[in-house]
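Below, each structure is written out as structure tokens.
Presented sequentially are two complexes of chain A, the first with chain B as partner and the second with chain C.
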Partner chain A sequence: MNSSALIHAVVDGVLTGSVYALMATGLTLIFGVMDIINLAQGILVILGAYLSYTLSVHFGVDLFVGLVFTIPILFVVGIVIERLFVARLKGPERTAMSILVTYAVSLVIEGILNEVYSVNQVQLQAWYVDRSFPIFGVYLPYIYLLGFILAASMLGALYFMLYRTRFGASIRASLSDQTSAALVGIDTKRVATICFGIGVAVTAAGGMIYGATNAFNASSSYDLISRLLTIIVLGGMGSLGGALVAGIMMVLLQDIVAVVWSPVWSSMTFFVVLVIVLSLRPQGLFGKLSARVA
Partner chain B sequence: MKKYGNLWRTLGVTSVAASTVLMLANSSGAVAKSHALAPIKIGISLSLSGDFSADGTAFDQGYNLWAADVNAHGGLLGHKVVLDVVSDASSPTQVVTNYQKLVTNDHVALTFGPFSSLLSLPAAKIDARYGYAMIEGAGGAPSVFQQGLHNLFDVSLPVKDDLLPFAQWISALPASKRPTTAAYVTTNDAFTQPQIPVAQNIMHAAGIKTVYNSVFPSETTDYTPIADAVAAAKAQVVVLGSVDVPTVSSFMQAFEQAHYTPKVFIATGGPDQGTQFTKAVGLGNANGMMVPNAWYGGATTPGSKAMVAEYVKKYGGTAATVSADVAEAYSVGQIAAQAVKATGGFNNAKIIKYLHSGVVLTSVQGPVKFDALGENNQATAFTFQWQGSNFVQVNPVSSAASKPVLFPKPAWKS
Partner chain C sequence: MNVKQLPWWATALVVFAAFPLVVTNPFWTTIAIFALIYMSCATSWNMFSGYSGYVSLGSAIFYGCGAYTMALGSIHWHIPGGAEQFWLVPLSGLVAMVIAVPLGAVALRVRRHTFVVITIAFFFVFQLAAINANFTGGPAGLSLALIPWQGNSFNTPFYYVGLAILVFAVILSALVRRSRFGLQLLAIRDDEDRALGLGVKVKAVKLTGYTLSAFTVGMCGALYAMFIGQIYPQFVFDPVFDVTVALMAFLGGFGTLLGPLLGGLILESSQQYLTVTYSNGSLYLILFGALFLVVVLFMPQGIVVKVKEMWAKHQLNKTPQLEGSTLAGSQKV
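After this line comes the complex of A and B, so read on.
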């Protein structure tokens, strides 16, 4: 084993893991507030990547500058999906039904993306996508560092909103107990709609970084959603902090095992850890059995 | 009244019976009359979404080009060809359902293969159950033929031989120029894995030391740590067992970020995908990338240039950007057409017998002759390389059509 490869694996694992954490945060926020499992999160990440692609290729907009447009667009997309499909789900089967409904939504979006962009894989291009700089004997790719800064900034902003704003208090109240939150006058429906929008909006940033580090097409969403679901299960459904820890843990563990041992065992090792964690803590690392909290 | 009632009933029954007989006579006559010109359906399951969607789409284009050509020339034995294409989403489970449906529900006359060895094998098993021939163009892994399916025919090159000319070329380089170290890394796929040991053995015998050798799961999405490990090993030759563009582009990106350019970089799949590849990695970085295959857009095999011209007219691009998948699918249609013509119909048992007879057939990929296992033992392996914006044949060196290899590979140039 080469020590520089190991250092690379650790650095890449932390930097890439934070981006997955950002994407998973949206998923877990939606579940935490609404009891909705949004299977469309993967394809919405890809939609975010394609929007960045369109702005970059057709309008010459830098990938990071493009987020000024793509984040609000995906926020609106999230609101529309919530209003048209998710808000209509009622009753005790709501969570189970949400899996079917959001899967249907993802299939529709996948079909549209295939029609508009074709099934050919594309990758986002910018000067910082392929370049790197030396630090402590290893080359650190600019895109991973920028992706990490972006993810950390957005997660920081999300935490600020949750813990330092009045609306954040409403969200946290809804996360803890929707009925009680409604009783104290919180418009839980409005909170849910906006949370869904925020949960989808973060996919714009995640999608841009994903599209800059991977060739993708609409079908890439299947790999993504399986990873994101794994992250929020490990971190604890509804736990934002859990998504962050689990996202970094998943990629870091897989990367280290791939280098130290063999790529064959990287995924399996992670899932062994997942099974062990869930057997000891069925609610995940930071989830709670009785109530969902941030 | 009862008497008249019986009379009316008798007349009614008689008239209905007579009408029915007349209608049947007319309709059967119509069927018999139009049978000679009735379209025939060919059933195909293709990966129009999922992991193989890019290849599946290229196959769809190849099949459609062939069908358009055949129909423009009067169809198959006078029957217009209609393709009954269903999507399998790159799933081995769905492909089984699809062929079951095509045969038992859609009653197609013939079936053509899906994309990949992964899907061709289960599809061929369904066809075997119903006595259908499975003529396919992308199921060349040894594991496909090891099943001993009598109805399976792969018109393309058996994959285990893909890297032969490449390994022979690199081993024959003068000792002063020959690379001394190599890394072998492959996804655990039936298409890629059989190719690696063949090349590794030849290169090892030529004194090229293996400094990295690894298999990674097909579900891997983050290739960075593996690519970084290859870069850290500083191998002069990288042999990558890949099936698609994202895998190759991820390795290329990680190599560039690690400031590592191997002298030779060959990938078993991905660089042959024309514009899909160059769009993903950029023409500058594609320069020098190699890939084994049996066909390319500049091939001079009979019918190839005409097919490429039709492709460019219909789908755009240039000859260099036509995916080899298109030719593989087109070849399937050509072989099926020759079998139908030779047997005088669409009887699958006769077609299977004919294809096993040792007859040499022609396709845009070159001659086709099936051995007992259904492998095309006439196919020739080539190595292709991106040189600027051109995709050119470079191996075997003995071939007059081969251009000099761009060696060593130029540095990355985004």
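After this line comes the complex of A and C, so read on.
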């Protein structure tokens, strides 16, 4: 172990962690507002990556410019999934059913992606993926920095929308209490649909960065969704700040352990932390205790 | 299961027991063995998740642990391929139970929504460990000793052991359902806080249920490993298994005794048939996912409840006078 490797790990952890935080924020927003666990989030990230891939390979559109198209496309995909499937779920087992429904949706999308793009792994290409820049004495491809800026600005926009606009206020009202929100005249159904759309739309950006920093195919979604789920559980389900902290923490911890100890077991350490945190704080780092209601 | 239904269950058992005597084609008996394995897993999944409402999506943990116990046991104790290996089946169930205790102790600290997610997370820990550890043989998996049985008679012992596991799972599930312990699980499903207030030791009850359900799944994993003769971490720790078992219970009827049996029988036989007939994996994924959506959206209570409802409606329509008289009677009061 040397210090430059450690610096590399820390820088990479913060930069990549912000991207995971963005994707997990979408997931926790959907859960917080709707009590829906969207297992399709992983495959939607991959869908976003493949859309960017198609735009850049077949139409020569730059990856970042392509987001102008892919973000609205995924927003619509999210709204369609919510209207067609999720909104129909009712009754006490709604959350459990939502897992099954979104899993089914993700199987269908996985099948379609396999048909269209084959199972061979691909990676997004651009000049900023190949070229590196120096930071604290280590070199990283530009995409890490650009991805961080993108994720941070999207998170900033999301937080601005949530905390500084009227619509954001109605989302937060639905987050804390559905019934009371409906009682003061908030159209909770509309809020839920739009939240699902927003939660899915962020996967377009997350997917593009994921696809530029990793080789991927449709089955990469299993790895992604397991990480995203552990992030939102660790942060506290429905807590936006929790998703942010836990997302960065996960990648940071993993990268540091990979340098200090062994890369093979590094992805395991986060799960160990999860178990320890849950034993001490079952509601997660920033979760509300009132989530005790079944 | 009550006394009146016993003849039906006995008839079903006789039909199942006679099946390999009538159908000797290995193509069909192989499908039948998988159906038995999945019916047992769905039944025992339902015994905890269906009764208590705590949906677990990590049952492949126990399936995988059972499979690895069988493989490692027969390799390290030099058990020759054959009937002697069957002794490892109950042992694999016990190992799965022992693993379930600490997992349940952590995962059951949280309420339902989070529990689902934690079981998924635990599942991925086990898959990762099986792929990376040395004693599991890594991604290359483990091969078991060759079993020297020939032709049609190869499948028959597996079929009957599978049937025995299924009978065990059904009897256990029925006993739990009729016991005080089962009522406590149902009370937790309906209102956990009130159950706690009424003196149900919710933590102990949940953990016992979770551990009990691991036993059968572990045995099924062991039977699978022995039947296939070769295990890979990504096939015994399979995320699709987690969800398939849950879907079977939902398809048949969540929380009912008959439901998971029907769901397992229908889904696993058709799944096996489709996989063999259509080798195109992605087309199969699309079909399976679409079927899945139809089931959850249009029959959320499952076949058993749906059929009961339709039957009740049918009876009501058959006797309109009776309905009218009871209505009139109630208006008087």
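Remarks
FYI, the second predicted complex is superposed on the first by the 288 of 294 C-alpha atoms of A that agree within 3 Å, B and C clash if a C-alpha of one lies under 4 Å from a C-alpha of the other, contacts with A are read in each partner's own complex, and residues count from 1 in each chain.
As a convention for this text, a residue touches a chain if its C-beta (ideal position, glycine included) is under 8 Å from a C-beta of that chain, and two chains touch if they have at least 3 such contacts.
Quick caveat, the model's predicted, so the values are computed rather than measured.
When both complexes are superposed on chain A, chain B and chain C occupy overlapping space and clash. Of the two partner chains, neither chain B nor chain C is touched by A:80. Once the two complexes are overlaid on the shared chain, A:157 sits clear of chain B and of chain C alike. Contact with both chain B and chain C is seen for A:114 once the two complexes are overlaid on the shared chain. Within the superposed three-chain model, A:139 lies in touch with chain B and out of touch with chain C [touch as defined at top].
By the touch criterion stated above, A:99 is placed in contact with chain C alone, chain B being left untouched.
Within the superposed three-chain model, A:222 lies in touch with chain B and with chain C [touch as defined at top]. In the superposition on chain A, A:267 makes contact with both chain B and chain C. In the superposed model, A:258 lies in contact with chain B only, and not with chain C.
Of the stretches 25-33, 79-87, 259-267 or 295-303 listed for chain C, only 25-33 runs into chain B once the two complexes are overlaid on chain A. In the superposition on chain A, the residues of chain A touched by chain B in one structure and by chain C in the other are 110, 114, 222, 264, 267. Chain contact summary for the complex, chain B toward chain A: residues 48-51, 53-54, 56-57, 90, 188, 214-217, 219-222, 224-226, 228-229, 231-233, 244-246, 249-250, 253, 256-259, 275-276, 279-282, 285, 412, 414. Every residue of chain C that touches chain A in the complex is listed here, in rising order: 53, 55, 57, 106, 109-114, 116-118, 120-122, 124-125, 128-129, 132, 191-193, 239, 243, 246-247, 250, 254, 281-286, 288-290, 292-293, 296-297, 300. Listing the residues of chain A that touch chain B in their complex gives 2, 4-5, 8-9, 12-13, 16, 110, 114, 118-123, 125, 127, 129-132, 139, 141, 213-220, 222-223, 227, 251, 254-256, 258-259, 262-264, 266-267.
In the complex of the two chains, the chain A residues touching chain C come out as 31, 35, 37, 85, 88-89, 91-93, 95-97, 99-101, 103-108, 110-112, 114-115, 222, 226, 229-230, 232-233, 237, 264-265, 267-268, 271, 274-275, 278-279, 282-284, 291-294.
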